[in-house]
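Here come two complexes built around subunit A, the first alongside subunit B, the second alongside subunit C.
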Partner chain A sequence: MSIATHRQRSVFSKNIATFRQDPMLLFTLLIVGFLLVVFILFPLFKVLTLSVTGSGTFSLSEFRYIFEQWWLRQTFFNSMLLGVITATTSTIIGYIFAYAFARTSMRGRWFFRPLAMLPLVSPPFMFTLSVILLLGRNGLITRYLLGLRGFNIYGLKGLVLVQTIGMFPIAFMNLEGVLQSIGTDLEEAALDLGASRLAVFRNIVLPLSIPGITSSWLLIFVTSLADFANPLVLGGRFDVLSVQAYLQFTGMFNAPRGAALAVLLLFPSLIAFTLQRYLISRRSYVTVTGKPGHMRLRFVSRWLEWCLFAICLMVTGIILLFYLTVIAGAFVKKWGIDWSLSLEHWHYTWDVAFRSFAQTLQLAGIATPISALLGMLIAFLLVRKSFVGKSALGFTSMLSYAVPGTVVGIGYILAFNQPPLLLTGTGLILIICFVFRFMPVSVETGVSQLVQIDRSIEEASTNLGASTAYTFRSITMPLIKPAFIAGLSFAFTRCMTAISAIIFLVSGRWHHVTVLILSQTEIMNLGAASVISLVLVIVVLTGFGLIRLAVGDKNRRLSV
Partner chain B sequence: MNAQRVELANLVKVFDGPGGEKVVAVDDLSLTVEPGEMVTLLGPSGCGKTTTLRMVAGFELPDSGQIFIGDQEVSRQAPNNRDTAMVFQSYALFPHMTVGENVAYGLRFRKLSKNQMQERVAQVMKLVGLEGYDRRSPNQLSGGQQQRVALARALVVEPQVLLFDEPLSNLDAKLREQMREEIRRVQQSLGITSLYVTHDQVEAMSLSDKIVVMNQGKIEQVGTPQEIYRRPATRFVADFIGKVNFFPVSRWALSGGQMDVQVYEHRLTLEAPETALPRDIVVMCRPEAIQLQRDAGIPGKVRKAVYLGSAVEYTVEMPDGALATVVENNPLPGGIIQPGEEVGLVFDGQNAHVLPA
Partner chain C sequence: MKKYSVIIAVVLALVLATAAAAQDRLSVYVSFEEPLARIVFEEFEKDTGIKVDWIRLSTGEALARIDAEKNNPQASVWYGGVGLNHIDAKNKGLTEPYESPNAKAIPDQFKDPDHYWTGIYAGALGFVSNLDRLEELGAEPPKSWKDLLDPKFRDEIQMANPGSSGTAYNVIATLVQIWGEDEAFAYLKELDKNIQQYTRSGGAPFRAASIGEITIGINYSHDIVKLIADGYPVTLTFPEEGTGYEVASISLIKGGPNPELARTLVDWALSERAAQIFADWYLTPFVKANLQPGAIAIQELNVIDQDDIWAAQEKDRLTERWNNEIYR
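What follows is the complex of A and B.
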């Protein structure tokens, strides 16, 4: 560590004048840089080194073994296949939703939007639970409505279904923004020059949304690769990297092989993520011209609008059905055998899950504000200050986005299981993991909000005698409150619903509620799993309300 | 090019306001644009000028009334079936296409051979002074150049009607003047019937064969730039176009083609207007048409004198306490009247004009 900070310091000496003028900045940068190196880069470094030094000396024998064994090799290709299919289906459905919302006067938005956003706050494998309840071996639809015996939802098709429903909202949000930024006057201009509605779509709207489509696709590809809980439960014989890395690392006690699988998971994610960042940075040209304006003109025919409506209805219908199934599962005595209603699962859950819930809330309650504040601070440094190593800081702070939870989990175990940083088994390691994993959204929203706020507002503050720290607290923070709220909400949701990294870090002393859902599902206690999932969704939604209340959303700022 | 007449008959457009109330954007508007004419719709924001233009393009459908281009009624036609081409305020250049592709875009929907297309694009690019810019991206161009591309893209399809939606409002003052002349030159050389929307009176005056002044969805006056400036039909028009003084009239009488009016105890003889007048009228006079003299004319007291270089702008307090503006061009050094001094306002009957109060 001392080597890294030493080198940084010598680089910093180049613009020592800046720091002499603003010593707080140097101090802050050193601390932030140190934290990012220790808690983001160092664990990754440990995974990488273990994967190539498992046998004591440097060798690629683990990777060779993995690619020689058919069943291990297959996990890599399965992960890629699942990622490609899920990313494609999710992006298509997301684009359909985005187009229907941004470019038509489709009815029923008030119904479609909240339902389409619900998967973003749902526990990681709530939909897997529904799918098992509906389409599993004792599934309501497959066994009892259709009377099928041999139907098997486990494997690729089940995973594509739950991942698509869970991840298309990412594309929807992304692409709605992209479509809104394409000025309708471009479409008007094309129509005015004689283009048909189809030609307008083909020549103008579609080409201009390609960067957004690609970026959504890559983002979902990364998310699908990182998904751990769904494949673990619903994968059946369809083995993927995240699950196999976990099994090798914890089940088989083969740490080097687990690390090697994690590395194989890490690289495609990093490549896809870097590509996606590059596209985002280039995307600015889309908004170069055109005013969003109100859409008065019909760009789609009535017939097409009905098709879009039907698709939106079908997808949100599935989400609704999945939710209703979990609600039913929470109250039905024994799914598939005894359909009578009872509160049995609720009593059981109260006994089993209360402590987990309390601890999860405690950990999330501590980690959420720290994560969001650190995110805002980094955003402030990135937008407002100039210093050497800025792009490295930006890249590292966004890195957690791209690193699958399984890799982080393994990395944390390897990095923090010995002094001076003996953290395994403590609550602190969970908090630290939350803080650094869920900070990127705060950084990103903070940056996008800050660039819109004229720098002269802050200059006026320093001009009147305030220090950098005071200016940040009294001027900048209130102005970027919307980003702060978004960062808090995201961090809280993910703290409450995280599993892939957490499953490595929980201990007898500190438990997490998602791990409990997983273990209940694995022993086929689906009633209790349903109850815990439902309560978790309610807690997350309540948390949103409390965050707004606590930070104060009422005095909305004008013209920020 | 076959210039066509454009006729708007009793157009009405009502929008739903934010509170659900009805907002009448265009209120029973009728207008004829003669073939080859450049007509400007001028008015404050919200007067319905842009909505009118968008109805001609087909971006809005009128709630009632008709639109004719030549002999053909187009009121209900889709924008892509109308032979109009618009130059947008935002230019609306397609950012993913080169300048050449932008300009050629409209030709994709007209049955032309590749050679004919290239030829027409080249012609138009030359006309707007953008030769050699084909392969550039619109982002690489300055505001003025983007404006030229937008103009070329509209011209290349040889529309029967050319529409302009405040095309110069995103340019700086100097460029605006240059582009104004350019647009006028191109429009006149091609003789295309054109409808131009602006809120800038200078732009309207310098460009137009005819100006249509609009207010609250209705036409206040249609006339040549001179008529609009010198003989405004209403106080709104007089006030909207340039600076103006309104003097109260205490008594008036018609005698033949002339009329006698009494302004602040002073009698003036003016030309009688062609239309009938109500009982209460005012006299309007432009600030630059008034001379200040020491001991003649309507008495007043100078309150303020602002030196503008090419002119001095005086604020004069009239006998009833109202303030009048007088502009003296090319002021001589030492000839500027100081605040507090008593003066007399003198103006010629030819430069004054009566209006309903």
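What follows is the complex of A and C.
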């Protein structure tokens, strides 16, 4: 018998021993594993198999067809082009913000930070709406201020604009953390020794932040690829994979081709995401040795600080302008035709959207806590327990972060419209979709929090005879409450603003409010779309407050 | 732990509410305009006490969804939408026959001889032009299909994508019936130069024209008449080569839940009361109703001798050809 099999066997028997001691663990693992397989892997498997067996037997003919037809091939390159440009512009702007916040004493942070974060809680195509109102062919700026006729914002440039504004906060958050974790001592030493500010930046700060920059870039690339609503409305003739997959799948009901386009969307996302994970896992954390926020020296000249200030002001100014535009759009009677103020759109929205709002809240209300709890549970298993298949569990639970919503939507339709799991058309399918799609952030924050907490407390509990379940409930959960809140907030925001997967799954019985905004935007009922978007933002922000109230944000037990 | 128990209880209550979401409701896919649908179902509920869950889907989307759900139909009625797609649904075995007593009032040419689908109203294809934009371009409203090729209209015209919209496929089928297939596609290729965007929904172009996002939209005339009545600066013209029309229809979805309620809706949809609601929305129903001023019955127009059964059979092929030759 070889050593390998012997070792395997001993690991295996050790596992048996663990499970015997703690049958609850085995039980939990089996259930969690089963759920992840059924609701994350199985739908993906269905998409993959359909894309290569559309004609009955195995063949790559669908892919060959896509690359033979110029118009279909182009959707692939358009998606990549848009992803690369948006990721680049967003990362640059995000880095500028992060640097200005972490390395300068720039004024106006109280103004810049909340505005820069606002896009993260906005419905996905709120900015598309503003762009049409401001820069469209009948836009306030293009048509009425500049007097341009036939200016065309539709297409690549419009998409880059709205995606950059919508996605740079991801890079900002990410990179600010990175820059803060790089101690300023090294830079101060270099400056003391006479290095120029530029040299310090080029030789110290930039190299140390490269992993963070790359990881932000990849994350935004994935987000841009997955974007569905903006290209659908603002794309014009610029066709991307997510839109074309949707049109082929639900418009033409050419399911194999829709699936094949979805697969073409899936692989670049998976590759980018895996790279990003790898980068994060090997990132060397430079510990904070100085006193953060207390810089002895100036890292940028006064002149450059003003430049950074100007850029931040410009970007947040655009965000503010976009928001004000939507607010104006909600009250103006007929944009571009009749500028008088009225509450007409609010009355209309009350009639049209009330039920959608109620249902969306109901679904989100169920999905959010389940999603966050499941995330915490998986984080607990990953950090505190050892068992076979742990890395597989970790990978699968993060997978849905990388899979574009369009792919998930198609997968869910394919997987759950026949027995034994007849779920299409029910509210349950939406809840399940929410739970598994928005769980990864809970897992991730849960893991990072748990790693920091010494396991001795939990060991003490177990040693005194408490079961895994009891320990998790009474010791772990209270300790990781901040992660739980973060997971809840994220899941709630995304449940309320998701669209790309949801648009496949809504039904007569179960509406989602973002689908309603999309259809109102599409038929150019921009007033109503503005009202619904605004109300949605307010609901999400209120939800944040309620989550903090319900779970308690006192951190009083977190004195570790 | 009490707090968590409360949270769990709330979640459970929501779950139960979700599972129990009333069984006695009728589920409907609607393919006419959302604001109209709202009025229609409010009135229907008032008359019959039946609550309706509905979602607005473009004709193509509705058909695709009914097809996707054929093992487990979620909706019972497909209400509205271009008639030839209802024929397509019949050919694909997705709908079931029902002869409503109210269908007697409807001329034979506007209902299925086997009672699978029944026409509700007719609408001819026409052009909606934004008057302000026309003035800026120094152009006249288009009077023919060929007028749309004027280079002045570069990037100024919208039509829907025949992949998802029944309206757009109706345009293609009409042109093929007027000129023959190859000439029609040569025309569409030229027209493509002036198309700003192919929208997902057939209802989008006229909206875009109404607010001046574009100059011309290719749409059903009833949508346009409504816009004019609402005070938008638009005008309606018809092509002199002849135009196509839709027979917006209603079908029962095969195996849908609550078939009794579904039949009640079909009967109601073919009643004079429902016809009047449609007529008030500037549509021209087949059942007798008082038309709004400006509403145009298709008998008054130069419409082609349209063969919807042929068009339904050719749909997949022509749409694919359009995708490969024009859309690119």
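Everything that follows uses one rule, which is that the second predicted complex is superposed on the first by the 528 of 560 C-alpha atoms of A that agree within 3 Å, B and C clash if a C-alpha of one lies under 4 Å from a C-alpha of the other, contacts with A are read in each partner's own complex, and residues count from 1 in each chain.
As a working rule, contacts are C-beta pairs under 8 Å (C-beta built on N, C-alpha and C of every residue); 3 or more make two chains touch, one makes a residue touch a chain.
Keep in mind that what you see is a predicted model, and the values were worked out from it rather than measured.
Using the contact criterion defined above for the overlaid structures, shared-chain residue A:N203 touches subunit B, although it does not reach subunit C. Using the contact criterion defined above for the overlaid structures, shared-chain residue A:W335 touches subunit C, although it does not reach subunit B. In the superposition on chain A, A:M524 makes contact with subunit C only, not with subunit B. Residue contacts after overlaying the shared chain place A:S507 against subunit C, while subunit B stays out of touching range. Shared-chain residue A:L464: touches no atom of subunit B or subunit C.
More residues of subunit A are touched by C (comparison of subunit B with subunit C).
Judged by the touch definition given at the top, the superposed model places A:D351 against subunit C, while subunit B stays out of reach.
In the superposition on chain A, A:W70 contacts subunit C only, with no contact to subunit B. On subunit A, the patch touched by subunit B and the patch touched by subunit C do not overlap at any residue.
By the touch criterion stated above, subunit A contacts subunit B in their complex at residues 183, 185-186, 188-197, 199, 203-204, 207-208, 285-286, 288-291, 296-297. Taken in their complex, subunit B has these residues touching subunit A: 57-60, 78-82, 84-86, 88-96, 105-106, 108-110, 138-139, 153-154, 157.
Within the complex formed with subunit A, the residues of subunit C that make contact are 1, 3-4, 7, 10-11, 14-15, 17-19, 21, 25, 27-29, 33-35, 38, 52-56, 58, 60-61, 63-65, 67-69, 71-72, 74-75, 136, 155-156, 161, 163-165, 195-201, 203-204, 207-208, 210-214, 232-233, 319, 323-324, 327-328. Within the complex formed with subunit C, the residues of subunit A that make contact are 69-71, 74, 132, 136-138, 143, 149-150, 152, 154, 232, 235-237, 247-253, 255, 334-337, 348, 351-352, 362-363, 365-366, 369-370, 413, 417-419, 422, 424-425, 427-428, 431, 473-474, 477, 506-509, 511, 519, 522-526, 550-552.
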